[in-house]
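Some structures to go through are shown next.
Shared between the two complexes below is chain A, which has chain B as its partner in the first and chain C in the second.
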Partner chain A sequence: MSENIQFSPWLDSSQKPYIQIQNVTKKFGEFTAIDNLTLDIYKNEFFSLLGPSGCGKTTLLRMLAGFEKITQGKILLDGEDISEIPPHLRPINMMFQSYALFPHMTVEKNIAFGLKQDNLPTNEINQRVEEMLELVELTDFANRKPNQLSGGQSQRVALARSLAKRPKLLLLDEPLGALDKRLREQTQFELMDIQEKLEVTFVIVTHDQEEAMTVSSRIGVMDSGNLVQVATPAEIYEAPINKDVADFIGDVNILKGIYKGQNEVGTQLLSEDSNSIVFATQEVGASIEDEMWFAIRPEKLEISKTIPSHNHNILKGKIEDIAYGGSFSTYHVKLDNGRILKAIRANRERTKEHHLTWNDEVYLQWAPHSAVVLLS
Partner chain B sequence: MNLTQTNPNFFKSIFNGRNAVIAIPYIWLLLLFLLPFIYVLKISFAETIYARPPYSSLLIWGDSWLPSIKASFDNYLFLFSDSLYIKAYLSSLKIAFISTILTLIIGYSIAYSVARAPNRWRGILLMLVILPFWTSFLIRVYAWIGILKTEGLLNLALMSIGIIEKPLMIMNTDLAVYIGIIYSYLPFMILPLYANLEKMDMSLLEAAADLGCRPFKAFWTVTIPLSIPGIMAGCFLVFIPVMGEFVIPDLLGGSETLMIGKVLWTEFFYNRDWPVASAVAILLLAILVVPIMLYQRSQEKAIS
Partner chain C sequence: MKRFGTFNIFSLIVGFSFLYIPIILLILFSFNESRLVTVWGGFSTKWYAELMQNQGIKDAAWVTIKVAFVSSTMATILGTIAGLVMTRFGNFKGRTLFSGMIYAPMVMPEVIIGLSTLLMFVALAIDRGIFTVTLAHITFSMCYVAVVVQSRMSSYDDSLTEAALDLGCTPFRTFMLITLPIILPAVVSGWLLSFTLSLDDLVIASFTSGPGSTTLPMKIYSMVRLGVTPEINAVSTILVGVVTLGVVTASLIGRRQKQQILKTQHT
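Our next item is the complex of A and B:
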C-alpha cells in the first residue's frame, strides 16, 4: 500500500465535523428515547451505533433521516441545521431494515425512483441506474420484481437504491440483519469497499458487535438513550470504559478487586477470587481499599497445567467444559470459589489429542498489560 | 380382485370426513344455485301460456316413448327486438359504473382514514362502517325516502338555515338512486380496501419520502398502486350487485329511472311473463360473467 495513513479525523482538531448532533433529546410521551445526546461524525466515516435493543440507536438514526421530530437540540449536516427539514428534502438516504423495496416496481424502477423525484433527464437516470446495478452486481436482475429476489439480492437492491442519489450521508438500519452468517460477512466487506469507492459517510445501526467491529471507523456504544463510549473498534475492545461496554463487546472475564495502590509494575489489586495480588499496567486514580474490577479477554488468558514461575496474576481452577471451535477452543475453567472463567486457545497443531481435558487442574495467567481496570 | 371386498373400501374412501366437509359447499351451491339456475334457464326457453305455472313445458310426451323437446329462442330474440330491454341493460351498466366510481372515491377516503387512524380508534371506526347492517336493508332505503322527499328532512334542514327557498326535487330522480346505491354499498367498498390498506408496509412510504418523494406524490405512486387488489375487489363487489339492483331504483327512483332489475320485476309480477323474465335474468347473468371472471382473476392474482 502506497498510502498508509490512519484515517482518524476525530483526532485532528482542524477537521470540521460533518454531522453534529447537539444536545438532542427525543421523548415519546413520557418515555425518553434519546437523552441529551451529543455526537460529532466526520466526513467519510463509517460510524456504527451499537447497543442492545431499546437503547435508542434506531430512534437516533430515524432522527437523522427526518422520520422522528427532535424534541430538543439540533442536528447539523455540513454546517447546516437540518432539524426542521422534512425527510424528502434532506440530502440523506436510508437503507431500511426491511429493505422497503417497492413490490410493484422492478429492480430498475426501484433504483430509479429517487432519481425520478429530482426530475433528472431520462438518459441520466438510465445511466445512473446502470452504474448502480453494476456496483451491486445485479445487472441481470434489472427487470425482476422484488418478490423474485433472494434476501442477499434484495439487500443489494436496497443499497443501490439508497446510493443512487449520491447522498451526503447514508443511513443503514441493521443492513445485514436478515442475511445468513456467511453472506453477512461477505457483504460487510462489500459495504466497506463501496463506502470507500463512493466516499459517502455511512452511519449504521446494528446490534451485532462483530459487524460493528469489522466495518466501522468508530463505534458509538449506546445504552438507555445515551452514548456510553465513542471510540475505534480496537479502543472499544481493548480499553472499554466500563463493565457494560466490556461485556457488550466480545467475550470477557470480569473480576472484582480491591485497590491496593501503585508500584513500579502498575496498579495493584487484591483479587477477590484468588485472594492474591494482581497487577495491571494501567494507572487509575483511586484511593486504597476502593472496589473496582478488572477485565480480561479470554484470548489473553494463558491456560497451562504447569505452575508458572512467577507468583502474580495467577488463578487456579479446573476445566469444566471445552467448546471446540475448529480454529480455537474455549475452555471454561471453574475456580475454587465456583466462578467460571473463559480462556481461548488457538488450536495451532493439527491433532485430535489435546493436552488439556476435562477436570484437569490448570493455571490461568496473564500479562499485566492484558487486563483492563474498570472503575464502574 | 374381489368386488365384494373392494366395494366397502370404495365407499369408505368417498365418504370419509374430509370429503364430507368439502361436500357441504358443493351441495349448497348445487341446491341453491345450480338447480334454480337450470330451472330459470328452462323457463327462458318456454312460451307464455295461461295456466299454472304460466309457461309451457319443455318436454312434450307424445305417442313415442321418447319425449320431444320444444324449446324456442323467441324470448331472447324478443329482448333484442324491443329497445326497452337494451336501454334498460345499458342504463343499468351506466348507473352501476358511475355509482361504483363514486363509491370508490368516497370508500377509499374512508378506508384510508380508518387504516391510518390510531390503533385504538380503528376497531370503533370499522364498527361504525358495519353498524348499518344491523338494520334491514329495506328499512334503510325507506329511511332515505324520509330524508330526500320534498318535505323531507334534508329539504327542511336546508330551508330552515336559508340555503334554499324552494325544496329540492331529489326524490324519484336518478340522483336519489345514486345516493341510495352509494349509501347501501359503501361498506362493500370500504371493507376490502381497509383490509388492503391496513396491512400496507408503512416503511414503503418512509422509503418514498426518504428518496425525495412528497407525501402527495407518494400516495399516487406507492399507496394507490399497492392497493389495486383492494380497489378491484371493492369495485366488483359493488358493480356486480348494483347491476341487478331492484329495491333502490324502485323505491327512490322515478318513472324515468330505467334499470334491468326493475324491468325483470315488472315482467315477472306485473306482466306475468315468466319466460321473458327468465330470459332477462339469464342475459343479465351472461353480462355479469365478464366482471365476475375479472374479479376472480384479480383475487387469484392478489393471493399469489
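Our next item is the complex of A and C:
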C-alpha cells in the first residue's frame, strides 16, 4: 500500500504519459458525445472514468478500444498514434460489461481465443491459459461452458480472457456492475492485486463512485462529454472542483454564502442559512458580495447539544431523523429556515449515555479547514 | 376452467378433419390393392414398387432434389447475409424500403413471381431449364431465410463480435468462428424451410422450367390430367413425408435454440 501512496507519475514532469487523448471529439450525427477532451494517463495507472449515464465515459472507452471512430483529434499509445488502427490490431484488450463470453466454447477455449489469433505455439498457449486460470482461481472450471458458471465466475473468465494476451492497456467497462455488493467489494481488491501483479495499465468505466474511490490511482469525473475534474480519489473527495463533483462523490451539505473578504483565518462568507459569518481556510479569488457555496461532508460536522464556546461556523437546528448504521449514525438536522443537513457521528461507545434523540436542539460546528469553498 | 368442453372438442375435430382428411385419404389409398382410387381393395405396397419402375417420375424426382438442394443452399447464403445486414447496420437510410423489399416475395402471388421471372428470362434470352427454375426458387425462398436469421440476430449480443475483434481476430474470421456457430441453428432451419418450399412449388416451376426440367409437383399435376392412379397417391405420400420431416426438424431446431437463448440469458 505504501507504494501506492508514492505512485504519482502525473506530478513528475519527467514522466511521459502512456496514453495521450488529444482534443478528441466524437459526434453521433448532431449529438456530441465527447467534446474536445484531452487526457493523459500514465503507465501502471488504475484510472477510472466516472460519471452519470450518458456522460460519454463508455464512448471514450470504446474509442480507446477502436470500436468508435474518432470524429476529431487523436489518441496516442506509448507515443504511437492509434486513432486509425482497427480494433483487432490494437495492443489493447477490453473486458465487456456483459462479459461477452463465447457461449459455444469452454472456459479454456475462451481464454485461449486471443492467443490463437496470434498463432502462438500450442504449448505456449496452454501454459498461458494455465497461468490465467490460476490467476483467477478457476483451474477446476477449465472445461465448463459459460452457461454453467455463476456471475462471479463468468466475470473472472472474462478478466482472464482479456489479460491472456498481456495487453499494454486493459479497458474495463463496468466490470463489477452485475455482481452483488459483497462479491463486488471482494472483487475490487482482487482487481487491484492483479493489476499490481501484472503491471498492466487499467482504464475502468464505472458509475459507482465507491468503486472508483476504492480501486483508482486517479479518477476522471465526466459530465456531458467532458472531464470536469481529474484527480486522486482523496483530492476529488476532499477538494471537489464544483458543486456537481462534490454532490456526485459521496454525501455532502452544500450551503450558499456571500463573499465578505479574506482575513488571517482565511475566507469569510456570510452564510445565508444562519445569517452569520463562516470561515474557511481555503483562499479564493473573488470580489466582495460574490455569491458562492461551501461544502461540508457529513462526517466533518460535529453535532452536540452544548453551545460551543466560539461564535463562528455554527448552525443551530433540531434533529429530524436518525439513521442508525451500526458503526455510525446519520443525523438529519433541520435548520430554523427549514433546510436539512446531514451529520455523521461514529458510535464509539456502547452505552446510550451520549444519546441524541428526535427533536433535540443541537449545534452543528466545523473547523475552518473542513469546508470547501466552491465558486460554481 | 373447462378446457375440453363439448363445443371445444367438436370444433377441434371439425377443424382438423377439414385440414387432414384429404391428406389421410390420399395416404391410405396409396396402399390400396385396387387400381380404382375410390374403392378399397385391401392393403398392398405394390404401387410403391411400381413407382420405382416409372422412369418419368424418377427423373422428375431427381430434378426436384437437385433444384431444391442448390436453390436452398444459395438462398441460405444470400438470406443470411440479408438478415445480418438488416440487424447489424441498425437504422440506415432506406432501411424500411430495403426490409419491405425483402419481405415482398412472401406476400406476392406466386403467379406474379412466376410470370415476371419468366418474362425476364425471355427478355434476357436465357433458355429455360433446371438453371432458371433454380434461380426462381432462390429468389422466393431467400426471404424466408432472411426472416429466420434476422429474428435470431435480434437476440445476438453484439459485444461477442466486438470481443473477438478485440482479441485480435479479423472481421471475417470473427464471423466464421463466433457469429456463424452461434446463429447456425437459425441458418440450418432456414435451409430446411427453403428446401421444402422448393420441393413442393408447382406454380413458379411451371413458369420457369423448360423441356427436361420437369419437377415432381409438375409431373404429378400432368399425370393427374390423364386420370388419378394409385401411383400418384404413392408419390404424393412420399412428398408429404419429406416435407413434413423438413418442417418438423426446422421447428424443433428453432425451439431448441430458443431454450438455449433463454438459458444463457438467465445465467
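Definition applied: the second predicted complex is superposed on the first by the 367 of 376 C-alpha atoms of A that agree within 3 Å, B and C clash if a C-alpha of one lies under 4 Å from a C-alpha of the other, contacts with A are read in each partner's own complex, and residues count from 1 in each chain.
Basically, a contact is a pair of C-beta atoms (placed from the backbone, for glycine too) under 8 Å apart; a residue touches a chain by one contact, two chains touch by 3 or more.
What you see is a predicted model, and the numbers here were worked out from it, not measured in a lab.
Overlay on chain A: chain B and chain C clash in the combined arrangement. Of the two partner chains placed by the overlay, chain B and chain C both lie in contact with A:H104. Within the superposed three-chain model, A:K165 lies in touch with chain B and with chain C [touch as defined at top].
Of the two partner chains placed by superposition, A:V284 touches none, neither chain B nor chain C.
When the two complexes are overlaid on their common chain A, residue A:L149 makes contact with chain C while staying clear of chain B.
By the touch criterion defined above, A:I258 reaches neither chain B nor chain C. Of the two partners, chain B and chain C, it is C that touches more residues of chain A. In the superposed model, A:I322 makes contact with neither chain B nor chain C. After overlaying the two complexes on the shared chain, residue contacts for A:N93 are found with chain B and with chain C alike.
Of 5-13, 41-49 or 59-67, the segment of chain B whose C-alpha atoms clash with chain C in the superposed model is 41-49. Residues common to the contacts of chain A with chain B and with chain C across the two structures: 65-67, 86-89, 92-94, 96, 98, 100, 102-104, 113-114, 117-118, 161-162, 165. Contact residues on chain C toward chain A in their complex (touch as defined above): 157, 159-160, 162-171, 173-174, 178, 181-182, 260, 263-264, 267. Interface residues of chain A, counted against chain B in their complex, comprise 65-67, 86-89, 92-94, 96, 98, 100-104, 113-114, 117-118, 161-162, 165.
If you check the complex, the residues on chain A that touch chain C are 65-67, 86-89, 92-94, 96-98, 100, 102-104, 113-114, 117-118, 146-151, 154, 161-162, 165. If you check the complex, the residues on chain B that touch chain A are 201, 203-204, 206-215, 217, 221-222, 225-226.
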